[in-house]
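Same chain, two partners: chain A is paired with chain B first, then with chain C.
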Partner chain A sequence: MVASVTSFGRSGVYDWLIQRVSAVIVGLYVLILLGYLLGHPDLGYEEWRDFITSGSMRIASTLALLATLAHAWIGLWVITTDYLSNSFVRFSCQSACGVAAAIYLVWGAQILWGL
Partner chain B sequence: MQVSIYRYNPETDSEPYMQDYHVNTGGKDLMILDVLALIKEQDEAVSYRRSCREGVCGSDGLNINGKNGLACITPISEAMGKRDSKLVIRPLPGLPVVRDLVVDMGQFYTQYRKIKPYLINDTPPPAIERLQSPEEREKLDGLYECILCACCSTACPSFWWNPDKFIGPAGLLQSYRFLADSRDEGVSERLSDLDDPFSLFRCHGIQNCISVCPKGLNPTRAIGHIRNMLLQRAT
Partner chain C sequence: MKAVNKNRPVNLDFKTIKLPLPALVSIMHRASGVVVFFSIPILLGILSCSLESESSFNELKDTLDGFFVTMVVWGAVGALLYHIAAGVKHLFMDFGIGETLEGGLKGAKITVVVSAVLIIFMGVWLW
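After this line comes the complex of A and B, so read on.
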């Protein structure tokens, strides 16, 4: 057992599952958006706004945002632990990723629920 | 033919270099190990490991024209790609070089030790032996044949980056060899040891391990089996 406190779920199985589930969520979200855009070729601002601010789309967008952040965290964590061997550099990068993720989370929530 | 050998003697060289030799193979399709023997006749300082010279002991794993393999069972014709004009022999990648083609296998064995490569069974053994049915025995095929040559682990990028944390394909194949053994009682202990983000999950399915294994084994499949066992246990 190799200990690591900076990984997303601290367990290999958990990270692996989250990585898969989040990929499916983001994939479905992209499909929904694509489907909508293809189904509405002459889309105007009002219509798009109504669609994106509808209750179910807000939930879907929030889910997709959370899934993207988790997915990115796990992926970037793997990359930093593969390629950055200096622990100070590695931890700095991981911290920067963490702060960026927190900013995106709050910012995304503001955009999604503040409209 | 022209042969280029990786040379490094830590006592006299400040850094490794490639040295060229001209070898007369007499037109025969020799094994790479025979070519090395001919070079050693010219220059007895050239160092490499070998023992059985028939693909059984696993001591002469080398990087031959960019691909890991056992020198004793790799013929020149197989080692030379269409565009290769000479033979280039280097030590297995990723492990510290002791001298020339000899690497320090310490990290590889440390990972192997971690998977507890022995039967865990606290039940007192019967008078003669612990029996297995032919079907149970069959589950070990494709696993027990591993000769620990390290060709696979030293071809695995995940092992290059984290040789101290990732068990590597050879160790994981052996881990599954014991997980699949009907006489072993250590399943949950073994799985718990692997349930972190590095030991097993650093495998990204790159499959270099399969393409180099001189015994034709499939570590990626074994890793997949262990992952499924871990998932089943956790969900």
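After this line comes the complex of A and C, so read on.
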């Protein structure tokens, strides 16, 4: 079996499954977040901060962030391998996306856990 | 017998390519995914400002009232909503629902209608 070194799960079957599990996690998270915002039209600072920094929301947000980045990596990998046939260009783009994802991860963790 | 006929006609002229609706929904799913990935800094920035302090929270509220900022946020969240709608269609198809030619077309139509309703609703809510 030939495994691609740049794919997220090292195999298409893993990537396929991770893509779907992460999609459901992010989908549910977006539903929770939009539902909360719709239910609180005149949201104040304290109420909002207490909601986001509550234990369950911190875990949910962290999970959603990790799922988003795994999902994005698999999606961007598929797109770059489909459209960029030049190895150097493709690897450069994938590297840039990887660096961006790492920055998002650190920044997101700082926001969620730095309070 | 050759597996692939190398003499088949090839057309890569984007101006003359006409995509059927399911193909359009599919390529838009990819494009919206890329847009969402590059919108993440905007969303993280908003989250950061909303939590930093009471004054930055109020500042953010004023900033989000601006026309240009509202358009950018609407674009980012709209791309996300479309991506989710098209993604849900994918999950249905994983269960074998809507895999036929007619089913695929119907699923694509439902995706367009559902995401359009969500995006318009989002726009109304933001304003």
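Basically, the second predicted complex is superposed on the first by the 112 of 115 C-alpha atoms of A that agree within 3 Å, B and C clash if a C-alpha of one lies under 4 Å from a C-alpha of the other, contacts with A are read in each partner's own complex, and residues count from 1 in each chain.
FYI, contacts are C-beta pairs under 8 Å (C-beta built on N, C-alpha and C of every residue); 3 or more make two chains touch, one makes a residue touch a chain.
What you see is a predicted model, and the numbers here were worked out from it, not measured in a lab.
Chemist: Any idea whether chain B or chain C touches more of chain A?
Modeler: Higher number of touched chain A residues: C.
Chemist: Quick check for you: in the superposed arrangement, does A:4 touch first (chain B), second (chain C), both or neither?
Modeler: First partner only.
Chemist: By the touch definition at the top of the document, which applies to A:80: first (chain B), second (chain C), both, or neither?
Modeler: In the superposition, A:80 contacts neither chain B nor chain C.
Chemist: Check the residue A:22 against both partner chains and state whether it touches chain B (first), chain C (second), both, or neither.
Modeler: It touches nothing on chain B or chain C.
Chemist: Of the two partner chains, chain B (first) and chain C (second), which one does A:12 touch, if any: first, second, both, or neither?
Modeler: In the superposition, A:12 touches chain B alone.
Chemist: Once the two structures are fitted together, what part of chain A is touched by chain B and by chain C alike?
Modeler: Overlap of chain B and chain C footprints on chain A: empty.
Chemist: Over in the complex, which chain C residues touch chain A? Could you list them?
Modeler: Interface residues on chain C, with respect to chain A: 30, 33-34, 36-37, 40-41, 44, 47-48, 50-51, 53-54, 57-58, 80, 84, 87-88, 90-91, 94, 125.
Chemist: Where on chain B is chain A touching in the complex?
Modeler: It comes out as residues 157-158, 161-162, 165, 192-202, 227, 230-231, 234-235.
Chemist: In the complex, go through chain A and note every residue touching chain C.
Modeler: Interface residues on the chain A side: 20, 23-24, 26-27, 30, 38, 45-46, 48-49, 52-53, 68, 72, 75-76, 79, 97, 100, 104, 107-108, 111, 115.
Chemist: Which chain A residues qualify as touching chain B in the complex?
Modeler: Per the stated touch rule, the residues are 1-4, 7, 10-17, 77-78, 81-83.
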